[in-house]
Amino acid sequence: MKRIGILTSGGDSPGMNCAIRAAVRTALSIGWEVIGVHRGYSGLINEEFQKLDSKAVSGILQFGGTILQTARSKEFFLEEGRRKAVNIIKKNGIDALVIIGGNGSLTGALKLHELGVTTVGIPGSIDNDLYGTDMAIGVDTALNTIVQAVDKIKDTATSHERAFIIEVMGRESGYLALMSAMASGAEFAIVPEVPYDIKAIAEKLRKRYEERRSNSIIIVAEGATSAYQIEKELRDEIGFETRVTVLGHIQRGGSPSVFDRLLASQFGYYAIDFLNRGGSGKMVGLVKDEIVFTPFQEAISKVRPIKKELLSVMELLGT
Amino acid sequence: MKRIGILTSGGDSPGMNCAIRAAVRTALSIGWEVIGVHRGYSGLINEEFQKLDSKAVSGILQFGGTILQTARSKEFFLEEGRRKAVNIIKKNGIDALVIIGGNGSLTGALKLHELGVTTVGIPGSIDNDLYGTDMAIGVDTALNTIVQAVDKIKDTATSHERAFIIEVMGRESGYLALMSAMASGAEFAIVPEVPYDIKAIAEKLRKRYEERRSNSIIIVAEGATSAYQIEKELRDEIGFETRVTVLGHIQRGGSPSVFDRLLASQFGYYAIDFLNRGGSGKMVGLVKDEIVFTPFQEAISKVRPIKKELLSVMELLGT
Amino acid sequence: MKRIGILTSGGDSPGMNCAIRAAVRTALSIGWEVIGVHRGYSGLINEEFQKLDSKAVSGILQFGGTILQTARSKEFFLEEGRRKAVNIIKKNGIDALVIIGGNGSLTGALKLHELGVTTVGIPGSIDNDLYGTDMAIGVDTALNTIVQAVDKIKDTATSHERAFIIEVMGRESGYLALMSAMASGAEFAIVPEVPYDIKAIAEKLRKRYEERRSNSIIIVAEGATSAYQIEKELRDEIGFETRVTVLGHIQRGGSPSVFDRLLASQFGYYAIDFLNRGGSGKMVGLVKDEIVFTPFQEAISKVRPIKKELLSVMELLGT
Amino acid sequence: MKRIGILTSGGDSPGMNCAIRAAVRTALSIGWEVIGVHRGYSGLINEEFQKLDSKAVSGILQFGGTILQTARSKEFFLEEGRRKAVNIIKKNGIDALVIIGGNGSLTGALKLHELGVTTVGIPGSIDNDLYGTDMAIGVDTALNTIVQAVDKIKDTATSHERAFIIEVMGRESGYLALMSAMASGAEFAIVPEVPYDIKAIAEKLRKRYEERRSNSIIIVAEGATSAYQIEKELRDEIGFETRVTVLGHIQRGGSPSVFDRLLASQFGYYAIDFLNRGGSGKMVGLVKDEIVFTPFQEAISKVRPIKKELLSVMELLGT
């Protein structure tokens, strides 16, 4: 093998640059040539290519976002666009693709794999909803960003003795909501995996209020419902006044945490190692502290469950 | 003078604990007794008092919020409530009050002053809208919180080549919006002091888009309009797609910055010094790097202007 | 079981307060009484006891250090002191002890266990040298503190094109040095587990210097040698000028990271669960993402190895 | 005027990139051409020039260090080297130089000014020892870095009830030591401007120890003495055991604080404005919240005093 391409696709996540750096330098170390593809699948179709040497990925480790940028491609969604991509890949003599991203990105990787392109995937996704890895790149950083924000809001919650509802990312998975609730000492977490009982929440809030502990924190995964919906339910139906904060886009950026830098660096290294051993069609992952490879089909179709027992541990500790 | 009370009122701001600590220890050092009043004017009326010694304010310097807590008091808004407060003050032998807070809190301080209570005010307010001080306690920390959030969003804006609209605090004043825009390298700031021209903004966005620099940041003060309104105007009328983030309550908390710790510590020290020299009815402030005292009436009725020339400097630098 | 004691011993580490909070609230939830023992084994012997209710551990989750404080006890090192401790435990009707700390603390726990005291250990140690857990409480936070410091030093290293030698904690283990080197993109890590070759390091530095890439970072574990020794060897023997920073005590404190908060919370919960199931004489740990219990004897006598293959991955990526 | 050069010299400080960006974009906005000079005066002599357009300074605002790099030049110290520099400046048609740096850098600027080169200086120096500005670029960021480090060490100091001696930068000035002591709630600050009394310090430590408040913090400016010297004096002469941390190079880097970004942006803007109005031979500064210009001779020869009254305020509050 001689010449590989590397791209980032879908939502950016902190650590993507570490994965790029690691993949590029590992590939260079075994004599391969590396082409950086800008703007994901869109850039692949438009041949937005840049040859990457070791210096091109120097000093990027500590930065959020992705130096290769990312984009959504309508064209690539269609059969025709993907055939065009395959032709571009062949025309440019690219022997394999390293694809860094979430569910949608790996679905694209699967399609290319099925069309005969050698591919390896690296999971980069804030939500941590990918099957085949305990942690995706960016999750740990996002969690720390969320919890630092909740710590700040707790200063006000405690000073004003108020309840706050904080909405965090997580369309399919309550991972961020559950873990940030546990780590910030929140009283409640509302996740897509478990139906919530607004009357039970209100009852506990009332009890806390009577004990003069009115500074509660409720963390809501966007995939479960919206923070404003919970605010409305608590106010209209039960008469509780709460404050709402939607953390939004601040969860996605920032300098990657050590965990994400280490995870992404190893993913980049082992993804190239996988290609070098003749592999294709799989995503690298970390399961129970070991590097594993999962077929794209499985990674995108199966659901990574949250540990539901932690929900009750969290509520017990947040008492 | 012998016995003073100290309270925090209105929205909490980072550094209030430094001001409490400094006022308490300075008062103790000249032989005074200090009563901490919990929950602002509400706690004053309800006699929620706690004697404060040096140890009671130990190890609080680095924490956001206020150990004395804060609350809004409907009762104190009324003449009768305030008379009740004056009686409580007399009954408890309190010779003077130190009041830490924003516009509403100092309005209360003025009322007490007019009713014959010896008072001194310390400006604590995220918005920096108080006349009589270049900076209120908490402003510098809030600015750093905002700019760190914008830095994170810029990672995504750059990676996805998108425009983001970010709403920050500031009901009467565009200070936070203007300064955070300048410090984060934003392209636009929308402030209450200056009418905005959506067509001019759209035109610049379009020009940047054509130059393939579509990663713009627009910062909006809540007092000017809402980020969603700007998003709607850019989308409906001109066809631009942007993303919105409302920073909300995260702007209020957090460990105070060095600037806020130093400012608050000096305000606490000089507020007691002012009482000790027989003063009353004024707010301590920092104007052109010097400690000054401004009558409450002036501090709450005059408007602290922003430096409008910085708006054009900001836009020039954000080109 | 009815009444348990909890203490922290040895060097403090971020997350200890989370473990205390979790253990206390879990014990209370099953109807137990909890005694906080101040100042470790020293306080145990001196009966520095405080009954802990749920509120006593409220709002401590986010703070470094330990609310129970810690101390070294010469008396407890001696047979006589330990017998005294056992008598105190009996006298106070304490049925079991939760001991949070590192190697020395767990050695003490083993001794008490051998004297018939029911005990469970929770690993809290910056160095991550304890056998029986992949991560001890505080390691992730310390790593992030180190890497943020190295990021700052890299700004200067890059601006001045200089080589810096940074000494980090780790008496027996090179874990912190290796992982922080990998996560910060350092060029070299010097660890106790592997002899270093100063001539090879100098040769690489020289090569980088010739390529005008003189901004190198060398991370040294204190257990391998001192940063000043490496500086001397590079200067005296080979003529290279470098700068030295010993990170020292800043590595130990700070608000715990999300990982440490989650780890410590679970350790606290499962330690009580272990006692509740009749266990004693073991340390809770996380191995391959599962909660496990390791006999004290094993935890303190076996050596947790670093993954040496990561040393070459790190050097490859830092090329 | 048509063509200007810009360089950074001496120790790097956070915010230098903001000043570069602001100066470049302001100059471009009035139609000037800008040459970035790499590696300070050394690069000036060696003609390490790069034309800077608006995009060259895009996305650098938030990074520590300096994209133009910096170096010490032995050649420029000599008359001959400076004449060579003047010839290079003439040969390249450079009409004016913007010089960003500390005392040594501005001494160089003065020499060039005396040789007929049009120059303007921007104060960038961690130590805040320059006369003619209340704050130099980087000081606020360095202070926050120091205080965050002290906050971490206080976790351990409190947990272990120990005294820590922390050495910070400041060769000529005790500004960093005094302000960081006040902002971190330290008990003592040792500064070059005031002789220290080791017996008085020891006496207070002893008193605190007797009151069981042994967790003291002593901050030492490197220009006063070394932390190890204080440690030795307290141990040898009086028997107190303390811990030492020398913060070192971590004080110099990091993402600039909002204050530094605003200060540096305005310095860059007004430095160009000064040149545009025909000025030369002066340093821009902020004095009492106003932009002022001070002749190089004055800026480098006069001493910026610390506010000594704050030393007693700090000690009073740290009681």
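Here the chain labels run A, B, C and D in written order, and each chain numbers its own residues starting at 1.
In the analysis below, contacts are C-beta pairs under 8 Å (C-beta built on N, C-alpha and C of every residue); 3 or more make two chains touch, one makes a residue touch a chain.
Please read these numbers as outputs of a predicted model, since none were measured by experiment.
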* Common contacts of chain B and chain D? -> none
* To do: Enumerate, in label order, the chains that touch chain A and chain B alike.
  => none
* In terms of CA centroid distance, which chain is the most far removed from chain A? -> D
* Structure fact -> chain B and chain C have mean C-alpha positions lying a whole-number Å distance apart equal to 39
* Asked: What whole-number Å value describes the gap between the mean CA coordinates of chain C and chain D?
  -> 35
* Rounded Å distance between chain A and chain C, as computed from the means of their C-alpha atoms -> 29
* To do: Enumerate the residues of chain A that touch no fewer than two other chains.
  => 151, 154, 158
* To do: Let me know each pair of chains that touch one another.
  => A-B, A-C, B-D, C-D
* Using the touch rule from the top, collect the residues of chain D that touch chain C in their complex. => 8, 11-12, 14, 39, 63-66, 69-71, 145, 149, 151-156, 158-161, 164, 243-250, 252-254
* To do: Would you mind writing out the residues of chain A in touch with chain C in their complex?
  => 21-22, 25-26, 29, 54, 58-59, 61-62, 134, 140, 143-144, 147, 151, 154, 158, 179-180, 182-185, 213, 255, 257-259, 261-262, 265-266, 269, 287-290, 310, 313, 316-317, 319
